[in-house]
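Everything below concerns the one structure shown next.
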Amino acid sequence: MVQEGGTAEGLSLPRLALSTKTAGRWGDQLFRLLIRASALALLLIVSGMVVVMVRAAFPSIKAFGWWFLFTSTWDPVAKHFGALPLIFGTIVSSLLALVIAVPLGIGAAVFLSEMAPSWISPAVSFLIELLAAVPSVVYGLWGIFVLAPWLRTQVQPALGSALGFLPLFQGPPYGVGMLAAGLILAIMVVPFIIAVSREVLLAVPDSQREAALALGATRWETTRLAVLRYARSGLIGAILLGLGRALGETMAVTMVIGNRAEISASLFAPGYTMASLIANEFAEATSDLYLSALIEVGLLLFVVTVIVNALARLLVWSVGGAVKEVRE
Amino acid sequence: MKAGIRRGVNAVMACLTALAALLVILPLILILAFLVYQGASAVNLDFFTQLPKPVGEPGGGMANAIVGTLTLIGLASCLGLPLGILGGIYLAESRDRCLPWMIRFLADVLNGVPSIVIGIFAYTIVVLPMRRFSALAGGFALAVIMLPIVLRTTEELVRLVPASLREAALALGIPEWKVILRVVLPTARAGIITGVMVSVARIAGETAPLLFTAFGNRFWHQGLLQPIAALPLQIFAYAIAPYDDWHRQAWAGALVLIMMIFLSSLVARIVTRGRYSGLR
Amino acid sequence: MKGVQGLYKLLGVLVAALLLSVGYGGGSVSAQMLMNGAGATFPYPIYSKWFDEYTKVDPSVRFNYQSIGSGGGIRQITERTVDFGASDGPMTDEQLKQAPGELFHIPTVLGAVVATYNLPGDPKLRFTPDLLADIFLGKITKWNDPRISAVNPGVALPNQPIIVVHRSDGSGTTYIWVDYLSKVSKEWEQKVGRGTSVNWPVGLGGKGNEGVSGQVKSTPGAIGYVELAYAIKNNLPAPMVRNQAGKFVQPSIQSTTAAAAGAAKNMPSDFRVSLTNPPGDDAYPIASFTWLLVYKNQPDQAKGQALVKFLWWAIRDGQKYTSDLLYAPLPPQVVKEIEAKLKQITYEGKPLLAAR
């Protein structure tokens, strides 16, 4: 019997062979057709998505043209729709999240894969994987009842009085707002960045490390010279994947961002992201143009996340030859 | 550079990275502990057995939301699993030239699409033509989210089945389709189950696409063509409301949801570890 | 074979779970019709009470209502994705034209919108129309502004910024509020205008009456507009507002009923009427009807009948639940007119409410 990795138990191949009288080639053709059709279903879905959304967004595209991206009013009464505050809110909250999550995340990944004793790594990465699986709405729940009050009563007054001369920290302490959104996104994106960075770092061939160590480098020097440099594009890819995740986050952000379509220099001010706008207003758009404008925002979000994710994948694949499935 | 300084830098960097790891992990653990504490003190038997009460009246539970989430997962699996597994087999076994590459690329694209955009898609092609919100629309949205995960996992696992196993079966005259269904798939089943559990964990917590597809329901759903309650939807609605009792129930719901998700991730892990050491 | 069975067993379990839950859901309420509605959060407390009570009156039908805001109610009934809609902002002529059939506005209860706030020490404040307009325009930014003190002599006001909270979703409560502000402030009317969703000059957005009251309750220094029931049930203040006659009136069932007195005598046939800023000494200035939106020609006979029977019950027997929840009941003359309207609802030309 074939013995391969202990997985051939109970496979009675001769019995299978005997039962193949009529199936043969006919079955093969059918099967091949079936699996090709299933794969094509994916193609159908993605292209369907693009077609449907473009068609639905068309009235808005026609009405506002390129100005949609640069106008800052979102006025359903006057039927004036401009996506600039949403784009601003999305970018600022995601950037804020990355500023916090990237140094911490990559630092933690470096620690886990290069510097820590070998028993820590699997335990902690299991923990990280579990944390990455916590849904957005649960983080949002925590954000409303723990993060926002804490920001409103402790952090924002402190920042306001200490650094209030900077426009970044001006304005009344709402609690909810851009700062809350950025923090909660950072918390959600960090496990992700750690997991991907760790896989990227592990994909760096040991020969690189061994060569550096053989030349007398310290642990850190090995990491810096041999591993990080080699894995640089992959790490950038990990950051981009984190960005892609942050851009599309909906629920947690909706619950803490303050829901106001306005551009403000202050981190304390409420804002709006593309995803949370759609979540709040989609079921209620009272005119066709309104709905069309919302779908156009959705289309914009779609395009941006696709580009970011595609770029990220390319970079992550470039480290370590084998096509490694990045589990999300 | 002097050896001492280099060793010093090494120590500092080790500390800094350890600090980064701590700064990341500690708050996350604290959040989780807080969630468990709040949820555990809020959960009671009523929560699992009762329907929501009218607005403002304390008590009641989320029984319909729990069943609703399970129903939606089942529905999404019926739609997404066959397509995903078969498609994954295609990607692993096919000898076509450019289609597999394109499918793989599109799967990754789909994986990164925000779930709310998928919700818009489901609204436009299921809710509007049917003229109603339904469990079906919600299940469809979740299936679309689940598809790329199952697809890629199946592909990866089927690839890992050793060629010798395949060749032996083929040499015995078994037709290819039978080889795949009765020999290759069962061998890879551990990994496929992992992929399924991972995608179940992912879709169990999805709220955004359900907002305008499954819609929510304060009672038991009546078949799949009617709106249906779901745990994340209910948590969201209760969290932003002013009633304290609803807040309490939202915490309980969050705990139950996390337990469900952790359980599926755990199952995936256990299944992988045991049967898998030979192939990985 | 073990291998095959393992994988397909999993699928089987999932399918079984699916069927089981369908059976459970469907079976436990067998032969029960489900009516779906969506819309205003303003009347949600009383609607949810009604739907609960009505299952005792007629166990064969269940009403599932999602409070997603009046804007949502209007949209969903226009798209026909629900059986009835609910709104406290009447549909505009343009919106009515977009609907595939003639839509009726059926008034159900009266409610009041209050300017609720959250201040330490719980001071009892009162407001004038121009104060409210200027706060929501962003012109008055601190609680201890002299204009607020002038109207509230003797009350200690903190030196805190005013945190305005408005609706982030399409809302009939918003409509009532901005309709009122447009009537009392020329600047508001020009700058912002009326609608279920407007371009707010300042403030945070909350989702639904629930979201706004939740936000105000947890944010000291906040002020927002919510339906009376939401304020009272959450121990939030419902302050007096000066009406057109110059008197400061407390929002209550009586003052809401007084607000409708004038309009009740001259009800338009489609029931679309604004009650804000009415004449009368006892009238509360920010009150409104709330309507259920139903099609004149019902697409389904059984459902249409169930709907009309429920509406008949709601405008008569249902009114006894209003006082507990702080809504005002419909004026008797209006009930008569609504009954006549309900008799006009048809299925394929035949009225659904025969011989009552």
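Going by the order they are written in, the chains are A, B and C; count residues from 1 in each one.
Heads up, the rule we're going with is that contacts are C-beta pairs under 8 Å (C-beta built on N, C-alpha and C of every residue); 3 or more make two chains touch, one makes a residue touch a chain.
Just so you know, these numbers come straight off a predicted model, no measurement behind them.
Where centres are the averaged C-alpha coordinates, which chain has the largest centre distance to subunit B?
Chain C.
Among the chains in this structure, which pair is joined by the largest number of C-beta pairs in contact?
Result: the chain pair A-B has the most contacts.
How many Å are there between the centre of subunit B and the centre of subunit C, using C-alpha atoms for each centre?
36
When the C-alpha atoms of subunit A and subunit B are each averaged to a single point, how far apart are the two points in Å?
Taking the mean C-alpha position of each chain, the two centres sit 15 Å apart.
By residue number and range, which residues of subunit C touch two or more other chains?
1-3, 38, 206-207
Among the residues of subunit A, which ones contact at least 2 other chains?
Within subunit A, the residues that touch at least two other chains are 11, 144, 283.
Give the residues of subunit B that touch two or more other chains, as numbers and ranges in rising order.
Touching at least two other chains: 181-183, 186-187, 240.
Show which residues of subunit A lie in contact with subunit C when the two form their complex.
Per the stated touch rule, the residues are 9-12, 73-78, 144, 148-149, 152, 172, 174-176, 254, 258-260, 270, 272, 280-281, 283-288, 291.
Residues of subunit A touching subunit B in their complex?
Its residues touching subunit B are 2, 4-8, 11, 13-14, 16-17, 20, 23-25, 27-28, 30-32, 34-36, 38-43, 45-46, 48-49, 52-53, 56, 103-108, 110-112, 114-116, 124, 126-131, 133-142, 144-146, 187, 190-191, 194, 218-221, 223, 241, 244, 247-251, 255, 275, 278-279, 282-283, 295, 298, 301-302, 305-306, 308-310, 313, 325, 327-328.
Which residues, counting only subunit C, touch subunit A once they are in their complex?
Per the touch definition, subunit C meets subunit A at residues 1-3, 38, 68-69, 71-72, 74-76, 94-95, 98, 161, 163, 168-170, 192-200, 203-207, 215, 218-219, 221.
Using the touch rule from the top, collect the residues of subunit B that touch subunit A in their complex.
Against subunit A, the touching part of subunit B is residues 6-7, 9-10, 13-14, 16-21, 23-25, 27-29, 31-32, 34-35, 82-84, 86-87, 89-91, 93-94, 96, 99-100, 102-103, 105-121, 123-125, 144, 147-149, 151-153, 156, 162, 164-165, 168-169, 172-178, 180-183, 186-187, 198, 201-202, 204-208, 211-212, 232, 235-236, 239-240, 247, 250-251, 254, 257-258, 261-262, 265, 269, 275, 277-279.
Which residues of subunit C touch subunit B in the complex?
1-4, 6-7, 10-11, 14-15, 17-18, 21-22, 24-26, 28-29, 32, 34, 36, 38, 44-45, 48-49, 51-52, 62, 64-66, 79-82, 206-208, 210-211, 213-214, 217, 229-230, 233-234, 325
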